[in-house]
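Per-chain residue numbering starts at 1, and chain names A, B, C, D and E are given in the order in which the chains are listed.
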């Protein structure tokens, strides 16, 4: 048993994420993405980051992905309308991706951290612990991220709103 | 303080002349330039012709970077200040009969440039020197590009980029010297006392020399010059050839020679060969030029080549010759360009083939033009001879063969200048030149003054020689002393 | 801290004012807010206050905050006559700019990478929106989407880098990271790709090659006012953020990241200058010029000295003032002629001497001609790298600067030396103020930079 | 009087200023009066100086005016040197000059540029006096170049004629070629002796070893200078062309004074030249060659002034020949006598031309003996003098030279005599063609022929007397003469005694006199008896005659060897090197940047996908660096 | 649950890094290959999630909660970005009736 769960879930993550980018129909992509996110939630659980697991589940799968779906439906894009990119581009992309992964992993080549993860503090990922961190040292960024959300809100409203007035 | 007034009087004049009405700009600018000339003469009277720097000013400027507003005048500077402040009024005056579009801007730019030039000639801080160097370039670019002739935009862009490219490399050299200087400042004395090794000197030499070589211009760096001289408005050409060109020569004497004598020495043969090629080459090209302005432009390259060769020969005669010749060349070339301007103004062409017989209808004009031409071909008794003689003597002391080839300028100069004179003035009049009006008014006044200078300086050049004698000697001693220290 | 609060509150007030249709109050309100913020900048000068270990309002931060606020102020002044009467989005416009400004204040003063991240994102998100705020304008849409897609993409790299750095050092705090680097001779190999990825992420934000591709398109497509904002204030803040990280926390690893940085610098200079040469549109040319200036500003990182921050500040200041002039004139010209081609500048100087003169000053400054602030900036940059005798780099930069003269002078040539239809721009008072103030600042810094150098 | 020497050149300068400034306002009489009077005054002062010098024990006086140029150890004062050599030369210049001024007042009376002409003449005299009086090589050089300038101005006096203007330019440029040599010599002198003062150089040089390389170079350079000014091979072609100027100019400049400057200079530097035997040989050969070539050319010329011009070149060749063999006094003697008779001949020719309304072609003259008696008589005197018949002046001076040549080399002497025979032939040919037979011009023109006015004939007469009696000043010892000039000059000029015995001298004289008489007889036979008239320009000529007629094609050769290659080079440099290569390189840089811009611009394709691709490549590259560097 | 996680703590950190790198790269490849703006955007989300997982793993490894807090911020950003991004896409779609990024090439050169 031991670590095999991780490898199984990891394989699933990779598989689903590949499906996301290879699915012809955008709707399918969304659905695979949801599956990918689900496997991520499992990873969080495995890492004992329960709070993140929950948030990931709610925010990503519950909110974000629904938003994606909604927009796709709204724009009526549930068809495989996307003209395939030329094979050249695909090959180039594959090579680029391959290179990227090779160099990326290659640059960790001397990673000495092959020691297994060990959970020193089982309560690390719990709400209590994170809450203390969040409202302690990270209070300022937390408060300021409200600006981010507000800006996004204002932006989403003005951009998505239908109007025909136009500035000079 | 006296120096500050000298430096900034034209600038103030430039600002003032921007504001009043269009016509008063002309007189205002002229008045200011005359005032500066008067002030210069005043300084000259109080000037003691020895090797010291006088009227020095030294203020904090950009203290964080070790930059000071440090300027002063010694004999060499005085000579060039005199040249500048003498020629600028003449140049302004020469434009009186011309219909100039946007006169306020025109005269303001000239005066602005004057301040830049004066800064160059008096700066004792390398940074200030550089600032002046560029401050003189900007206005002349505008003058040439705004009031120039055909292709002015393209030609002037080339000129501008070419020259500023050179000067940026000089800036690189200045920064290098600054960093080598333990006191971290740009003071000229500190630069003089630097003791770089040969290879450093060598490349600093080129960093500076390229800027100077382009400005003068020396042989392979000259191709901007004929085009620019040809397309620029005459006043612009006069400023360029009469004064601005001397910036390069002055730079060599003040900032190159004493700072990196080792590099100077190592590259002397190369530069002398280049300048002599320039003399022969430019003179030969001048032989067949059809355009008067272009012909003078090439002749100027040849003359400058001789000056450079004289300086690089590194002896008293060569340097003193260069001093005299700087002044003489400034006067002569301004005269020549004024002559072409008058021709162009009357005939609407610079083509020599379309002229002829003007001496018959405009004898006064022909006479003064002849005097200027003779000054240019260095006839003894004119200012050109004194300089050219000393320069050739200097070059001769460097090498017989160098002098033989450099001396060809005496022959070639006569060939192309007389050819030009013949084509323009002699022969029969044609339809265009038959109604050529003789000079009068400001044209006449300016040309007469120039002729007077040509002869007076040729007959009695002693004051000029005295002015620069002491600093030149000191320079040579300094260089020799420093050379003995270089590994 | 006070600064961010002031700006945020101003943003809220403006938003509400917009809600209550108090259009006339928007600009005064904003200006007052910004002036107050500027006042706080001055008040906390030399305070070097730490805010929860997340922000450090040291002089570096304050100076850049001040510059960003001042730049924004000038840009707000350019809103006169910019909006049509029927425009409903004016308040949102203002609010988003203010939000972005708040984000930038974080970027210039962060002490923790989370602040950097949030600051960057507040700014970016606001800008994505602002770029696309002309909803019916195809170019604006395109700019917005391009900016957004690429921005999000690059954010991924920035985050990946942050994650790796965190993995290597176990902290987001800059001091802690620096300490870690100093203490441990052998840094975790995770750190190196982390640094590189952060370099990539930040290079994107400042538009350095080869991550500059968004710049020209977005600058061209966005509303000119937003382009002004992006190319001046935003860029300045990006640099400050870059500098804070690399000349602070990552400084001990300078030898490692200087080589890729040099490549980036050279590419940026080359691409920016050479491509700008062939542009037909003034606006797009300015976009490329902003790329090339990013290259020059990165010089400060090539050789780290104690003056690096100050040097970038001067450069950024010079660049900001000059660009604001350029864009202000661009707005005026476009309003009159409807085009941002170089041709529309033909003969402009005859009827608009003041405008032409200030634009000339701006171009000279951008080109780096002495007696303008741009020269001092370039000089400082050259001086900076010459401390380690990077002669070849400087020579390369000089060659690029020469190319730069060509395109900067094109507009001068058009205005002064070409004959045009003699357009007379209607220059409102506020524009005149901006133009004159910026031009005077450019010249004053150019002639007497001591005023600023003594600050830092 | 010697202290007033500065007045000598100053007066003509004053005349120049008066005439120059007042050329439009002063009347012709006033101009002529002023112009001539100043020269006369100078002449009188010179005379005073001459006699004072004769009476004084000190034979060399320097009059310092002011320091002209000084740089380092170079110090060039503007000062005058009065010594036997310069005092004699002063007399010639001012004396002959005055006569020519006087003559010009009549000759140029109808010309519109009368005032200008006089001012130029005065200026010329000024410069010539500077040349003569200068106490160092540089002051001499001022005059040297100054006379060149005046020559330019006067040759091109009728500048509306393009070919005259071209001739003027040619003269100036050719002179300049020589001047460069002069200057180089001066530089070498300065380098060797550290001074340019005659009074410093010559004593120092006297102690040098003969035949030293430096001295050879110095003298060679100086000789090149002299070649230009004194129209020696290969730089003589300007002088015949210089006949474009008004005839008094030809007389003054191109016969009597300026062209002798080279001889004067070498005579002055005789100390140096004596120490450079190689140069002397070169001078002798060049002089002889010039004498012969010019004489051969003169044989077939049809323009009266051209004949005289070539005869001048030929005579100058003799003088150089003399200098080359060390006969400085002889050469200088010839300078003086030549000044008399050549001025006379030119003025006479001018009188003819004046009478014939500017007709110069001898083919259209003839039979003028009756119509122009004074001119004829004086010309006859001049012709005999130049032909070298005793007791006219030319005989003595030429024979002194030839005697020295004989001593030096017999072959050269033979060739020299040949030259003398040719001289006699072409001079009499000229005389016969002009004055004998009958008039060959139009009948209409014939009626207007009249003798010249007094102001022209008086100088002719005076000069004729001088030409006839001029030999007296150095009457040879062989005839019991005192050789006054020889003694007078000996303090300054290295004089070499003739070491021939009297019988040889008589023989030499005899040979040349007989030869001259024979050639005169041949000429008489051909042109007076045979009434031979040269064929028109276009007509066919025998090859040798053609060669002579076309001046050995020297102008054409120069054209092909120098002018055209230089012109071609000029065009090549301008169009190819300057425009294509150097400028092309620079423009090419700009062009390639522009092209690079065009290319690089395309990278910005507008396609987000492509952009991201590029970014990813950048990222991969940077990561690769990371991978490799850690 | 607790037991399970305890057992799974044996996975080496390396493998987390590799996993995240792979997912990240898949995201990059997605961005490269697709033309549909929404799918591209989803690929970006994939990249962000990879980072999230990596941060969490590091956080656990170094026993420091701040990493997880950072993940929280990233999620906040993701939400904001999605809101803005999707509205931009909607806006573009309104004008062009397409969300193919290749259509967006009017701004070039």
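Throughout what follows, contacts are C-beta pairs under 8 Å (C-beta built on N, C-alpha and C of every residue); 3 or more make two chains touch, one makes a residue touch a chain.
Since we're looking at a predicted model, the values are computed, not measured.
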Those chains which touch subunit B and also touch subunit A: C, D
Intersection of contact partners for subunit C and subunit E: A, D
Per-chain CA centroid nearest to the all-protein CA mean: B
Distance-maximising chain from subunit D - centres being C-alpha averages: A
Chain pair bearing the highest count of C-beta contacts: A-E
Whole-Å gap between the CA centroids of subunit B and subunit E: 67
Separation of subunit B from subunit C, taking each centre as the mean of its C-alpha atoms, in whole Å: 42
Rounded Å distance between subunit B and subunit D, as computed from the means of their C-alpha atoms: 37
Subunit A and subunit C, separation of their C-alpha mean positions in angstrom: 31
Of all residues in subunit A, the ones touching two or more other chains: 85, 89, 92-93, 96, 100, 104, 107-111, 113, 137-138, 141, 145, 148, 151-152, 155, 159
Residues within subunit C bordering two or more other chains: 114, 118, 121, 125, 128-129, 132, 135-136, 145-146, 149, 153, 189-190, 192-193, 196, 216-217, 406
Touching two or more other chains - residue numbers and ranges from subunit D: 590, 601, 604, 606, 608-609, 612-613, 616-617, 619, 623, 626, 630
Touching pairs among all chains present in the structure: A-C, A-D, A-E, B-C, B-D, C-D, C-E, D-E
Touching residues (chain side subunit C, partner subunit E) in the complex: 113-114, 117-118, 121, 125, 128-129, 132, 135-136, 138-139, 141-146, 148-149, 152-153, 155-156, 159-160, 162-164, 166-167, 170-172, 190, 216-218, 220-221
Residue numbers on subunit D that touch subunit A, as the complex places them: 609, 613, 616-617, 619-620, 623-624, 626-627, 630
Subunit B residues touching subunit D - in the complex, by the definition given at the top: 158, 162, 220, 222-224, 226, 281, 284-289, 315-317, 320-321, 357, 359-360, 374, 379-381, 385-386, 389-390, 392-393, 396-397, 400, 403-404, 407-408, 410-411, 414-415, 418-419, 422, 425-428, 459-462, 465, 469, 473
Complex interface listing, subunit E residues touching subunit A: 1-2, 4-19, 21-30, 32-36, 38-39, 41-43, 45-46, 49, 52-53, 56-57, 59-61, 63, 65-66, 68-69, 71-73, 75-84, 86-91, 93-94, 99-100
Residue numbers on subunit E that touch subunit C, as the complex places them: 17, 20, 24, 27-28, 31, 37, 40-41, 44, 47-48, 50-51, 54-55, 57-58, 61-62, 64, 66-67, 69-70, 73-74, 77, 80-81, 84-85, 88-89, 91-92, 94-96, 101, 104, 106-108
